[in-house]
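Here come two complexes built around chain A, the first alongside chain B, the second alongside chain C.
Moving on to the complex of A and B:
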C-alpha cells in the first residue's frame, strides 16, 4: 500500500466517523426510526408532548435518499459543468439537506395532525427551531458520505466499478443501518425513559410514558441531541468509521482482482476478532453492572 | 399505531378510479414524452415526469390500504417492495418489448405484484383482504414511477438510452430511492388514527413533485438544459401541493399553534 492510498483510507475513515455521528444526532433530534414508536405512542397513552416526530422511514432508506441526491447533484456539477469537486459536493449536500427539511416538516405535521383525538398539537416553533438543526446534521452526513463515494469512484488508485450516486446510496443505507442499531439505543432506551432505573430496559407498562419535561421547562428534541452527542453519536461514528476503514483497508492492502481470497479471509478474521471482543465486553459489563437489584435470576422451565 | 386494525381505512376516492388514473396517466406521460422528445429536442421530457404523479398517488393509496391493516413498521418496507418489483419488471419489459416496452413492463409488474400478494396471503397467511390488489397496484405504480423518472432523465423510453444515461451513470440510485420514498412517505408521515385520505394523497402529489425535482437535477447531467424545465415544473407542483397539505393539516389537527407548553391530555 502506497502512502497516497493510506492517506485516502485515513480520510475515508475520518469522514465516515463524522458521518456516523451526525447521522445519529440527526435522527435523534427528529426521533426517527426505533425511538419514534414511543414518541408516536406517547400522545395515545395520554402524554402529548413537544418532541419532534420525524417519521420519514427507517433510517437506512431516508439516509440513502439524502446521500444519493447529494451525490447525483454533485456528479452533475462535476461532469457537466466541470466544477471543483469539493464545491460540487457541498452544493449537492445542500440540495439533500433541503429534501431532508421538506420530508421532516411534512412528517412532523402529518403525524401530529393524525393524533388530533389525543390532543397532540402541531407546534410551529418546534418546526422552526428543530428542522434547521436536523437539516444541518443531514448536510454533514450527506457531505461526508458523498466525499467517501467521490474518493472511491474517482480518486483511489483502483477506482470502484460502481458510479458515484450508487456508491453513495449504498453507504447511505449503511450509515442509516448503523445509526439505527448503534446510536438509537442510547436515545430510545435511556433518554426517553430516564424516569426508570438506568439500563433497566423497557417494561411494557411504561410504553409511551416518555420523559416530557426537562431540567427546566419542557423537554425539546434539541435537549435530546445534546444528550446523545455525548455517547450515542460518537459511538455510532466509531462503528461506521471502523466499518468503512476496515472494509476498505482489506481491499487496499491486497489487490481484490488477483488476491480476492486474501481479501475475503482478512474480512473473516476481522469479524471473528470483533465477535470475541464483543463477547469480552459484554461479560465485563454484565459482571460490573448487572444483575439489576430486582433481578432474581432466570426462572427454571 | 394503525388505523382501526382489521377494518381498513375509510376512502373517499375509489381505488379503481385511482388505478385507472395512475396507470393511464403514467403511460400517457411516458409515451408523450418519448414521442415528442425527438421533435422538441427533449424539452417534452417533463411530461413523463408529470405522469409519475398519478402513479405515485396510486402507490401511496395502495400503501395506505394495505398498511391500514396494522402494518406499522412495514410501511417503508412496502415502499421498497413497490420499486423493487417495478425496477425488475420495467427493465425486463423495456428490454424485450420495444415500443410496447412500458406497457409490457407495467403489466408484468402488476402481475408480479398480484402473485406476491397471493403468496403473502395464502402461503404466509397474512389474511389481509386487499393484499393482492394492493401489491398489484404497488407493482404497477413502482414500474411507472421508475419508467417515468427514467424517461425524464434520459429523454427517451428506449432501453439502450435508459441503460446508458440512467443505469450506467448511477442516476438510477436517485430515481429508485426518490421514487420509493415518494410512494411510502405520504402514508408513513400521516399515519395515525386521525389520518385522512385527502391529506395523504395531497401529500403524495407533493412527494412525487420532489422526486420529479430530483430526477430533473439528474437530467441536467444527461439531456442538459431541457431538464431545467423538469426541475421548475416539479418545484411549482410541490409549492402548490405543499400549501394544500398545510391547509389540510390545519383542518385536521387538534391545534396548529405558534408555541405553547404541553397540551392537556385528552384522557
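Moving on to the complex of A and C:
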C-alpha cells in the first residue's frame, strides 16, 4: 500500500458516490425503472399527469450503454488523437449524454402518444425542460464512471487488464443495478405516493393513484428530483461508493500478487460485518415502528 | 479458430460449471421486481437478471485483477465471489436504509411466518395490502449466497476463456455474455420475483439446471472455438 494508490482509491470512492447520486436522480427525473410502472398505469386509471415517462430499458443496460459509449469515445481520443485525458473523458460523456437525449425523447414521445386514448398528452414544455435535465445528470454519471475506469485502466500502479470501455460498461451496469435497487424505492414507494400515510409501502388498492400536485402548482418530474436528491440519490451514491471503495480497498492494502489470501479474507470479513449490520438494522426498525395495528392474525409480534 | 482437444474439453467443462453456478445463484437473489420498488413485496426492488448481473460482473472485475497477478484458480474464483458479495451486500444494506428511513417500514418476509434464521415473526410487520417489504435477515443471507455463486461462476467462466486465448478484453466480454444467458434462463424459471432459498419457487432449481447445462455446453463449445483463435 502506498499513499498514491490510497489517494487514487479515495478519489474513485468519491467519484462513485457522485455517479451513484446522479444516476438515481437521472432515473427519477425520467421516471425510468420499476416505479415507472405506476406512472404508466396512472393515466390508464384516470390520472393523466405531467410526469416524464422514459422506460428506455432496465437501468443497468441503459447505464452500461452510456458509460461504455463515453469510455469508448474517450479511449479513442486519448490513444489515437493524443488528447488530454480529462478533456477526452468530458467529450466522451457529452457523446453519451447525446445518446441519452435521443433515447429519452423517443421514449417519452412514444409512450405518451400511445396513451392518447387515456387523455395523456405529450407536453412539449416537459420534453424541452426535462430532457436537458436528464442529459445533464447522465453526463455526470458517465463522466464519473469513465474517470474511475480511466484510473483503473491507466493510472493505478497495478492497472486492470480489462480495456477501459469494458470496465466502464461493468461499472455502468453495477450503478444501474444499485440505483434501481436503492434510490428508486424512495421515488416509487414514497414520492409517488405521498398522499398515503408514511410508514408503509403502496397498498395494492392505490395502484396508479400517483400524486400529481406539487408543493406549488402541478407536479413535474423536476419536483421529484428535488425530493429524491434529499435521500434516495445520496443513498444510491453511498451504495455505489461503498462497492467501488471496499472492493478496491482490499486489493490496495494488500498486494494481490503475494497476499492474495489476505485480499480474499478481508473481503469475507467485510461481508460478515455487513450481514451483522443488516440484522441490527432490522432489529432497530422492528423496535422503532412495531407491528402494524391492522394485523388480525394469530402470530404474536 | 482452433480445434477441440483434451485441454479445450476441460475448459468447456469449467464454463459449464460456471454457467450452472450462475443459474443456481440467481435463485438465491431476493428480488421483488417492480412491486418491491413501491415497497409492495419483499426483496430488492429490481429484476433478477439486473441485480445478479450487477453483482456477478463486479466480481468479474475483481477476478480479472486477481488473474493478472496469479494463476491460482481457487484464489481467482474466491476473489470474484467476494467482490460480488460485497456489491450485493452493500446494495441490500442501503436498500434497507431506504425502506426503513425513507418509507418508514420494517423489513418483513411474506413467504414464511417466522424467519428461518432469526426466528422472528413476520406477518405482524407486513404492511396492509402488501406482500411484505424490505430485506429481512433470511433474504439478506440468501442474497449473499447468490452473490457468492454468481461471482464464482462468472470468474470460473472468465478463467477458462482467458486460459485459452490470453486476451482479457475478449474473455471478459464473452464471460459477460455467458453469464447473462444463464441469468436470463434462471429468471424465466423464477418468473419475476423470489425471496430466496426459503421461497417455494426455489424448489424449481432442478429445471434450470437442465436448461443451463444445455445452454452452457453449446455456448462453451462456441466460445472456446471462437475465442481460441484470438
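Criterion: the second predicted complex is superposed on the first by the 291 of 301 C-alpha atoms of A that agree within 3 Å, B and C clash if a C-alpha of one lies under 4 Å from a C-alpha of the other, contacts with A are read in each partner's own complex, and residues count from 1 in each chain.
Note that a residue touches a chain if its C-beta (ideal position, glycine included) is under 8 Å from a C-beta of that chain, and two chains touch if they have at least 3 such contacts.
Note that this is a predicted model, so its numbers are computed, not measured.
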item	value
Partner chain in contact with A:58 - chain B first, chain C second, else both or neither	both
Touching partner for A:267 - first (chain B), second (chain C), both, neither	second
Residues of chain A touched, compared between chain B and chain C (which is higher)	C
Chain B versus chain C as contact partner of A:140, first or second or both or neither	neither
Which of chain B and chain C A:166 touches, first, second, both or neither	both
Contacts of A:235 with chain B and chain C, given as first, second, both or neither	second
Partner chain in contact with A:275 - chain B first, chain C second, else both or neither	second
Which of chain B and chain C A:111 touches, first, second, both or neither	first
First, second, both or neither for A:119, with chain B first and chain C second	first
Which of chain B and chain C A:181 touches, first, second, both or neither	second
Common interface residues of chain A - those touching chain B in one complex and chain C in the other	37, 58, 162-163, 166-167, 169
Residues on chain A engaged by chain C in the complex (per definition of touch)	33-35, 37-38, 58-60, 158, 160-163, 166-167, 169-171, 173-174, 176-178, 180-186, 188-190, 192-193, 198-206, 231-232, 235-236, 238-239, 242-243, 246-247, 250-251, 255-257, 260-261, 263-264, 267-268, 270-271, 274-275, 277-279, 281-282, 284-286, 288-289, 291-292, 294-295, 297, 299-301
Contact set on chain C toward chain A in their complex	33-34, 36-40, 44-47, 49-51, 53-55, 57-58, 60-62, 64-70, 72, 75, 78-79, 82-83, 85-87, 89-107, 113-114, 118, 120-130, 133-137, 140-141, 144, 168-169, 172-173, 176
Residues of chain A that touch chain B when the two form their complex	37, 40-41, 44, 46-50, 55-58, 61-62, 64-65, 68-69, 71-73, 75-76, 79-80, 95, 99, 102-103, 106-107, 109-125, 162-169, 212-213, 218
Contact set on chain B toward chain A in their complex	1, 72-73, 75-76, 79-80, 168-174, 176-178, 180-181, 184-185, 188-195, 199-200, 203, 206-207, 210, 214, 217-218, 220-221, 224, 238, 242, 245-246, 248-249, 252-267
